[in-house]
Amino acid sequence: MKRYIATRLGQGLLVVFGAITISFVLASMAGNPIDARYANISPAARAQLLHQYGYDKPLLERYVSYVGGVAHGDFGPSIGSPTGALTRVAEALPYTLILVFAAMATASLIALASATFGAIRRGSRIDAWVRNGFVALQGIPEFFAGLVLVLLFAVVLGWLPSFGATGPASYVLPVIALSLPLVATLTRLLRSQLLDVLGADFVVALRAKGLSERDIVLRHGLRNAGPPLITYLALQLGWLLGGTIIVEVVFGIPGIGSLVVSATRARDMAVVQAIVVVVAVGYVLFNLFADLAVRAVDPRVRSAT
Amino acid sequence: MNGPCEGRDVTVGTVGGGVQLVEGVDLAVEAGAMLGIVGETGAGKTVTMRALLGLLPPGVRAHGELRVNGDVVSLARVGELRRLLGSETSVVLQNPVGMLDPMVRVGDQLVEGVVRKGVLRPADARARAVSLLGQMGFRAVEHVLTLYPFQLSGGMAQRVTIAMGMMPGPRLLVVDEPTSALDANVRLEVLRLFKRLAQEEGTAVILVSHDLGLVSHFCDTIAVMYAGRVVEHGPTRELVARPAHPYTVALLDASATLTARRRVPLRVLPGAPPRPGHWPAGCVFAPRCPHAQERCVAERPLPTADGSRGWACHFPRIEQA
Amino acid sequence: MSVGDLVVEPPRAGLPVRASRLGRAWARWSALPGSLRLGLAIYACALALALVGAVALADPNAQDLNQAFAKPFSSGHPLGADALGHDVLSWIAHSVVTSLTIGVAVVALSAVVGIVVGLVAGYAGGYVDASLMRLVDLQLAVPPLLLFIAASATVGHSMVALILLISVVSWVPYARVVRTQVLVERTRASISAARLAGVSRLRLLLVHLLPPAATLILVLGSLQLGFVLLWEAGLSFVGLGIAPPTPSLGFMIAQGRASLQEAWWVVVFPGTMLALLLLAANVVGDGLQELFGIDVEVVER
Amino acid sequence: MSDAAALAVEGVSHAYAGREVLRDVGFTLEAGRTLAVVGESGAGKSTLSRLVAGLELPTSGRVRVAGVAPTVRYGAVSPVQMVFQHPTEALNRFLSVGASVAEGLRRLPRRERAAYVAALLEQVGIDPSRARERPKTFSGGQLQRIVTARALAAEPKLLLCDEPTSALDVSVQAQIVNLLLALQERNGFACLLVTHDLGVARVLADDVLVLRDGEMVELAPADDFFAGPSTPYAQELLRTTAEQMLVRERA
């Protein structure tokens, strides 16, 4: 068990290291932020700034010292901001986490209910109707959904705020916008996973024991569909939640999505780098938790390692 | 005393009547006895059994009757059949390991059906599970109950699934292609244990198999199916010794046995069994039959009874009494 | 490979013997899954709109400040105009060309790269395969949109740059799917037989290992087209993707956001167009899965 | 070379991940003869067949087919050809059956190839006009015939039959058994038959090799073996088999 976690952490470290390298390469290819920010300064002042931020050293040396810094939690200074890059990310992170977890929870609950219902009543007219509706939902981009929601509930009806993160109410619309396509994707995944399980031999045996479809789906289907689904979702988390960035921009939530866009525009690459690395770390941790969760419920995995 | 369990005039086809899968099959098996159903791919063995149990896939419908323990149920009423399933009727499917939910302990799976169904109370169900596993030859029964399916060998899984089929104390138990993946010695032991158990409990057993040899050793009676029909049935010994239907004869001839001679070709039946939807008019076996005559092609033979035996052939290979 | 070739068996028996060529084509079309037909119909309409836009509509970049915020159905602006008097319909029609060009180019490029890498990794195994899997890990750990945004400072905003950038991420799923399929296929007896028959290495890969993955690749491509359209629009929306004079849906939606209260149509019409294109990608992917009887989500796992 | 046995297995042992699955197996097989390898699952039958086919190299010992080590090389037809348990698995489902049979004939010019394929299909009882059809339009028995035709195309020194009948219907099993008998009669290849079906072994085999847990338990002429094996394990195997096999009192 301990060895297993160690191996997984080792793989995770490799991924994080890769993210550090990629973000470093991208940042150095973008040129130095001094030139991007200060167009009309004297050569002397430019040289002084370059030296101050360490941009006058060779690339490899900068890379080594960057990796060394990251290992100590130092992602370098943020250009034009008194705090370090990591601090800025840390300030933004809670907003994003609230948004992401609220959307995940909402979407999961709805998906669980609708997929289970669909699997029990599979082939029925309601099932087909719900399924087609979800296909349409899946095709709605988050920012368009967000703007339509703003138009309806903020502009026309005036019920909810459309911009900023001022209180719980200001999260309602962003969470809905982020959840809509997520609900569709999760429902489809869970439903196809359930149907996969329900096609297995042992399900015929369950029917042969005289169990009802409802019993079969609830007592056996979900239990079997769970582990592969958790694994899959954890792996695809980044892809599923990419829309968070856009939703934050649309609704003016000061999370890391808004931060990465503004930092990129300002060529504040230290912040962009920090965000890429922090996201990768989050991904690795989440996958580790998902793995442990699967081990907890699946006896086969438990005994295999 | 229980009467025989019977399937009468079992007819199965796709909804809308596109393709017939089984036509007019009659089967009967006494309490405590074992009936073997043999036939090749597409003969309709499994479909017939599923029709009796109410386990046909969607899009397929059955007619006919099931008689069990004094009840007479129309095969068209799947709800009724499903009500009986897991109490009066029960089944052991092929592929024993795949038949168990991989995420649930063996003990819970044994008990689940009868408890949910209200056949037994939890404590009684557990006691019965313990006793059945014991009768199926397990020693450390309590330990087996706590195992997960992946921890069982093929032979163990087969014994567990048989115990699972016997849990409700069914009047009729269908066993589909049992033990086909097991080694000879394991298979022999499992089937012996099972046969004794079924006899003790007075369960009528239908054993579905493509293995004529296996069936001839374990079953009291045999029904031979071909292209959705029973072409011949009768007591095992008589049927094997004096087959009446040319298909039965061919099947017996084609079997490679230990008494065959080295490098002497087997007597083969040309061609392959017809697929459902491609049954010939007249006698379904006529196109492959070495003795077919004009009448066979034109006219479908009706089942003929002769004491405990019966066949569907215009020109049976034995003298009629 | 056109979609028509993929119809498994044309329903010969059900047709009148002397059915016209057109009649037969119609029968084939009708036999396709409904979702596939819907998706293809949407694509057809979008392409028709793009064609009309190129031939008959005003230059999308033509400004007419007198016409700023012209309402829908006003003369000359069927879908209204934006703050600078750009015609919304013309902008949409030209944006469809931009979106689909990027989408198709990315899908084609990444499919070719992914197939080659997947075949090699799945067959060679060992070191090559292990490297690919680490790449897959990494690609999953950094959300694509985040990567594109981070890279946009480096690569600029041209269409070619965007195509290459998105392709850098997009080939990986193909490699993964092909690799998995090759690993499954390799254990089949047919591969042992082909080896004993002495086929060449190339023939083994292309004739014996690749075809089973073909349907998966097709489904993956159609689903991925949706992702690419979404990413492109998203990038342009935050101002880090396609920028004028090249028209794009994301850009117009972003422009319309500020004037949502006065001129809803500047957001709603291009947004609807985008949603329709994404819907088409999803239902075509769905329909192909139904047609081939496969499930990419399950297979890809 | 001409004196060498069609198949010689000499002191072969094989291990997977340190676990020995075959231990010191050795025998020879002459052209035109058939050796049946029987045993329970896990006895090492399929490992032995992979080694003989050259799909794997033994950990120790040697395998020689007509005096040469069977190695599988790209672009070189192997002297060992196989008939597999599941014919649907054994054919490329995207190629026509004719093309599959022709895979081992790439040395021939295209025109001769087609004629040869037709002749082979004819030989195994498949209508040559169906050569352009895909496997899915054939029955299991027909596919097994096609697989056999493909194996013959390469003019093998050794035909390796891995449970060739166990996935087939009884009446079709007999057809394949007879086909193998007739083909061997005509083409004179040596045949290694791996099976758990002693009935099939009774008809096809000249000699019987019994494997148990990777070791040779008995190697005997078939007639002697079926009259009464010499080792207790083989006796037990034969007895349990007999108790589930059809017994007919012959008229």
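Lettered A, B, C and D in written order, each chain numbered from 1.
We adopt the following convention: a residue touches a chain if its C-beta (ideal position, glycine included) is under 8 Å from a C-beta of that chain, and two chains touch if they have at least 3 such contacts.
Predicted model, so just to flag it, every value in this text is computed and none were measured.
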Q. Which chain lies at the heart of the structure, taking centres as C-alpha averages?
A. C
Q | chain A and chain D, separation of their C-alpha mean positions in angstrom | A | 54
Q | Distance from the mean Cα position of chain B to that of chain A, given in whole angstrom | A | 53
**Q.** Whole-Å separation of chain centres (CA-atom averages), chain C against chain D
**A.** 48
(Q) If I count partner chains per residue in chain B, which residues reach a count of at least 2? (A) none
(Q) Chains as vertices, touching pairs as edges: which of line, ring, star, complete or other describes this one? (A) ring
Q | All touching chain pairs, where touch follows the definition stated at the start | A | A-B, A-C, B-D, C-D
(Q) Which residues of chain B touch chain A once you look at their complex with the stated criterion? (A) 53, 55, 58, 82-83, 85-87, 90-91, 93, 95, 98-104, 112-114, 116-117, 148, 150-151, 161, 164-165, 167-168
Q) What does chain C use to touch chain A in their complex? A) 35, 134, 137-138, 140-147, 149-154, 226, 230-231, 233-234, 237-240, 253, 257, 260-261, 264, 267-268, 271-272, 274-276, 278-283, 286, 295, 297-298, 301
Q) Which bits of chain D are touching chain B when the two form their complex? A) 40-41, 139-142, 169-175, 177-178, 181-182, 196-200, 202-206, 222-223, 226, 236-238, 240-249
Q. Across the complex, what residues on chain B touch chain D?
A. 40-41, 183-185, 187-188, 210-214, 216-217, 240-241, 250-270, 272-273
Q. Which residues, counting only chain D, touch chain C once they are in their complex?
A. 53, 55, 72-78, 80-82, 84-86, 89-95, 100, 103-104, 106, 147, 150, 153-154
